[in-house]
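Next, two complexes with chain A in common: one pairs it with chain B, the other with chain C.
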Partner chain A sequence: MSDRLNVLKTYKLYVGGKFPRSESGRVYEVTTATSAAGAAGKGKWLANAPLASRKDARDAVVAARKAFGPWSGATAYNRGQILYRVAEMLEGRKEQFVREVAEAEGLSKSKAAVQVDAAIDRWVWYAGWTDKIAQVVGGGNPVAGPFFNLSTPEPTGVVVVLAPQESSFLGLVSVVAPVIATGNTAIVVTSEKSPLPALSLGEVLATSDLPGGVVNVLSGRTAEIATPLAAHQDVNAIDLAGADDVLAKELEIAAADNLKRVLRPQPVDYAETPGIERMTAFLETKTVWHPTGSLGASGSSY
Partner chain B sequence: MPTTAPAAHALGDVTASDSTLRRFLHGLPGVDTVGLEARAASLGTRSIKTTAKAYAIDLAISMVDLTTLEGADTPGKVRALGAKAVHPDPTDRTTPTAAAVCVYPDMVATAKEAVAGSGVKVASVATAFPAGRAALDVKLADVRDAVAAGADEVDMVIDRGAFLAGNYMKVYDEIVAVKETCGTSARLKVIFETGELSTYDNIRRASWLGMLAGADFIKTSTGKVAVNATPANTLLMLEAVRDFRAQTGVQVGVKPAGGIRTSKDAIKFLVLVNETAGEDWLDNHWFRFGASSLLNDLLMQRQKLATGRYSGPDYVTVD
Partner chain C sequence: MASVFEYAPAPESRSVVDIAPSYGLFIDGEFTEAADGKVFKSISPSTEEVLSEVAQAGAEDVDRAVKAARKAFEKWSALPGSERAKYLFRIARIIQERSRELAVLETLDNGKPIKETRDTDLPLVAAHFFYYAGWADKLDHAGFGANPRPLGVAGQVIPWNFPLLMLAWKIAPALATGNTVVLKPAETTPLSALFFADICRQAGLPKGVVNILPGYGDAGAALVAHEDVNKVAFTGSTAVGKEIARTIAGTRKKLTLELGGKGANIVFDDAPIDQAVEGIVTGIFFNQGQVCCAGSRLLVQESIQDELLESLKRRLSTLRLGDPLDKNTDIGAINSAEQLARITALTEQGEAEGAERWSPACELPSSGYWFAPTLFTNVTQAHTIARDEIFGPVLSVLSFRTPDEAVAKANNSQYGLSAGIWTEKGSRILAVANKLRAGVVWSNTFNKFDPTSPFGGYKESGFGREGGRHGLEAYLDV
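On to the complex of A and B.
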């Protein structure tokens, strides 16, 4: 039997629904986790991942801004369907993700499979929330006057998400899904050491009816990409989950310039049921007043 | 790729009759399409950074003919455009003013008022813009209106139908007549609508025809058709003005219009100007951009250079 040559995969960024290489042309080596079980698996080369530059970040913001109108304007029901479709597509490529997570985090196949299953279930969970979150955090308000007063949650806009450094897939899904479920668009900066599951997620999103630009995936040095994004005037919020204390402080200062919403890093067990905090963190409440009164002959008071 | 046109002494009588004009225009060397496009593309790969970029952005802002040519133009919109031309970025008064505002003839008076005292010029399209399908009397009346209202510049369209039918003398006579009507008070820009001329050879012929007839500026397009200014057709026109000055000593300006939306594109055009026509044209008296959304992108890039952080559309006006 002749040995077949390996078909190596070129991992690329995911920006605006396309798969570009980094504008800078740079890549960096991704290796297996150094804590990987078995001496042979330690620090083995896996792939070259793109090393995104600040121009890639800028392009991602443009793509995310362009996608924001249609995505936030889509019905919550439609967004739910699309997110569920993402879960379906993930299910079909489970094997690949199990392998990538096992290599990235140094887990056994079975432990990695638990992570991937949990991540797929989380997509389904957030898919269900899209048309329910408004009932939980919005609603009619009792007011002392002939008015009908209504509060609705509105998406914040373009959200930068620094994905968790350690949990390369479950953690990633747990921070990305809530942001887009509510109608925001996201720029995801992957885990620096283990970007491969995130880059593969981009391929899944591209085939899941998710409009291009709703999620943009950048791999590289977190500090290098996050700094211009935190200062970017056209970004509305930033989730610092993947930043260490020093970087988080710097980014929060930069983000203050145009009053971005900032979600500070906090210890999270991604295996737990997440609750709705990550969704409400990037929602704004809009309250409107409608005059009411005795209905006219036409059945309307207007 | 210099154009080797017939000797200078011949230029005096090429417009003597229809046949001499035709012989001259058809005697211009053919355009090497592949070479032209390759040259335009290769000049577009120059890397312009830091101080050179800051210079290029300020120069480009000073070259913008801020344009609104919509059926829905209101005096309010024209005034807003005028205010923007005078102070493109109100948060940074070191920003240069735009070169001109470009409007329809009936809005000239409003525009003139809006930019009064700022040095910003008012350009008016005329001659039955954008189609140019009207009798000469109507076209000239259009021009007279614009000039009487105080337009500093008139943008005329050529009769593409006559040009494509080979009736060069008719096109020539029209340009001459419009030039006379403009008199000394208004500079004349001649729009060829390069997207409708179909070949590069035609664009070269139109450029020479316009310059022979006395155009102060040659302009690519109206912005109303699918194909507008491209690096290649602008490069071709820049070669024409360069060669025309070499032969006659008369300098003519160039204005690409339509489809230039980003700073990157604008800077590519400036590279073309510098490398083809030369530094003499790197001034808003000789080179303009006909654009509207371009200015916002230039301003965002300028803010980025000044502050180090990327700007966004929330920090420039909505036109």
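On to the complex of A and C.
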């Protein structure tokens, strides 16, 4: 068509609302899925992705912790608006994501489009959940005494999410959206070999009114990044979706040190409508007792 | 302080309970000796009298009990929920019928005052079974989808502070949802669980549905690690909870943990002082402070600190410590020599680190394990007694100036189980409760429990909830 040389994108991490390179200065080569490259088994070079280090992981925890107060304190309606805004932004950049998913997963354009459409719809689904989950899993408890007793779900805190290795975008969105919908903040470790859709998602989140630090995206070697995160004392929970059995066990042992909530890897069909389990896995229940007194009775204490 | 009133002793009669000289393990509906024949003694902590000799479970017994529970699971889980419900209703009723006997037994074996076992523990035990009985045939409506399935065999390890109540919290939801259980009571308080085994027989509960294994930590560890256990539920120390979490890593076992706490009881300057003092006393001296959700840190607003402490000290001087079977007793015995040593060591450390110690004049009985109500002032957040769970009748007093400071100090803990708020201002209650990172918050009250009310912690106080609809999730494959 034209002789113009493309401007290549430098993919960067997304931490605290900013786009740093890895502090280590390291990168690794990302290629197309081998199935797309044919029998040769060697993919076409796509980009040099940041190879995040332990220090990047710690920086992400600091950013996620800082963002937790405001994000968990935001109204559920506000969080829903922002998650819906993510879907709007993605819709406008659909072609880019279809291309990235097709290259990452070795899919045809039409199959990749199905994945991206479903991922956008998933943001919409969770956008609607933000102001409903509390009514579904919380409520008043009829205690046998003069008390108003109310249970309310609250976000667990800083959640590490190991994104699925295979489903680089729909799987990613399916594990990240439920975590932040309820007010948690997230550190996402992308699919190791297919990090580009996740890194591009960071760019979308940055322009969707999502406060910096609510989602932090790290690419690199899953085991290398996840190990310090699973042991980090200021992380409250970890979703092991992207870990193999051996790594998952190691991380679960490390996570026991400060009793992180652990969601073990399990077979999931990301094409299906999810249940609420990925939300409730990272919710705490707070129960508050209020005396009611007794109107008019002698010795009334209301 | 000399008491204004002298009380005549008012002991509850021991004759309502008949403790056998020895007890076996309860496996597959039968009492049986341990495979290696080991036994241990259960003593009364208030007198050091030997109450009974109990079979001590080992790994081989754990295996036998798990096999019995597995065998019973198929039929038990296939029963219509309405039938399981009726077994649990029967159990609840028999507990009510035998509640005086069980209260005296619990007081003897645990050392806590009879007024607590009689008025708190036993009514809550019966209520818990009654509550979960009603769930057994309504699980389709519990919010976990249609026909939620049980997990299988539940391995349950419980502590000594509320022996029968913790058993109820574990067994009632497990059975209602169709699981079978192997439960290990604490080594210092095995007796009420063994009486419960007898209640299961009276109720006609099918063999193997409930198995009780008295024993030590090694039996608990074997139970948790057993490969045919599908669910692990533990109440106890945070250190052991972490060890259990490591043990089951990489398995499919579902885990719930109810662990330690360092609850903040926050008193604002507009609080009704007399009510707050009662709440502080309930918060830390209920069950000699051997309560995971105890209000062991008093955070008092600086402007009322002197007044509050004066009232509190006056109130502590009226607490009656002594024979747990006496109906007037407020403070009973510490559960074991080991626990007494731990409390003693931590309070000595409190003094060594510079906090100021105070106790009312209080005569301690010459035999048994006793610790006077103790209050520490000049405590900072860095002090061990402000950070570590003491699990005894020891209150650490800290002060604050602003609500934000109160919240920050309350949340400055590895734990997050309970908290209390004392103020007359409704909006302040709601705002502060909202910011506290704790699973149970009591406003203008403390240490209230109910089977319908979910209980459990944030952070290192554990995960999962016991009680209410929430408590079902721990025992369902959802």
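Assume the second predicted complex is superposed on the first by the 285 of 302 C-alpha atoms of A that agree within 3 Å, B and C clash if a C-alpha of one lies under 4 Å from a C-alpha of the other, contacts with A are read in each partner's own complex, and residues count from 1 in each chain.
In the analysis below, a contact is a pair of C-beta atoms (placed from the backbone, for glycine too) under 8 Å apart; a residue touches a chain by one contact, two chains touch by 3 or more.
Keep in mind it's a predicted model, so treat the numbers as computed, not measured.
Novice: Superposed on chain A, are chain B and chain C clashing or fitting side by side?
Specialist: On the shared chain A, the partners fit.
Novice: For A:Asp257, using the defined touch cut-off, is the partner it touches chain B, chain C, both, or neither? Pick first, second, both or neither.
Specialist: In the superposition, A:Asp257 touches chain B and chain C alike.
Novice: If you tally the residues of chain A touched by each partner, is the higher count for chain B or for chain C?
Specialist: Of the two chains, more chain A residues are contacted by C.
Novice: Once the shared chain is lined up, is A:Val61 touching chain B (first), chain C (second), both, or neither of them?
Specialist: First partner only, chain B.
Novice: Nearest 10 degrees is fine: what angle do the Cα centroids of chain B and chain C make about that of chain A?
Specialist: Computed angle, apex chain A: 80 degrees.
Novice: Touch test for A:Glu277: chain B only (first), chain C only (second), both, or neither?
Specialist: Second partner only.
Novice: Where does A:Val136 make contact in the superposed view: on chain B (first), on chain C (second), on both, or on neither?
Specialist: second
Novice: Could you tell me if A:Pro228 is touching chain B, chain C, both of them or neither one (first, second, both, neither)?
Specialist: first
Novice: After the two structures are laid over each other on chain A, how near do the C-alpha atoms of chain B and chain C get, in Å?
Specialist: Minimum C-alpha separation, chain B to chain C, in the superposed model is 5 Å.
Novice: If I apply the document's touch criterion, which positions on chain A are contacted by chain B in one structure and by chain C in the other?
Specialist: Comparing the two interfaces on chain A, one with chain B and one with chain C, the shared residues are 257.
Novice: Show me the residue ranges of chain A that touch chain C in the complex, using the header's touch definition.
Specialist: 136-137, 141-145, 147, 149, 151, 156, 236, 245, 248-249, 252-253, 255-259, 261, 264, 275, 277, 284-291
Novice: For chain C, which residues count as touching chain A in their complex?
Specialist: 127, 143, 145, 238, 241-243, 245-246, 249-250, 252, 257, 259, 414, 429, 433, 436, 438-445, 448, 450, 452-456, 458-460, 462-463, 465, 468, 470, 478
Novice: Where on chain B is chain A touching in the complex?
Specialist: 308-315
Novice: Applying the document's contact rule, which stretches of chain A touch chain B when the two form their complex?
Specialist: Answer in residue numbers: 58, 61, 65, 228, 231-235, 254, 257.
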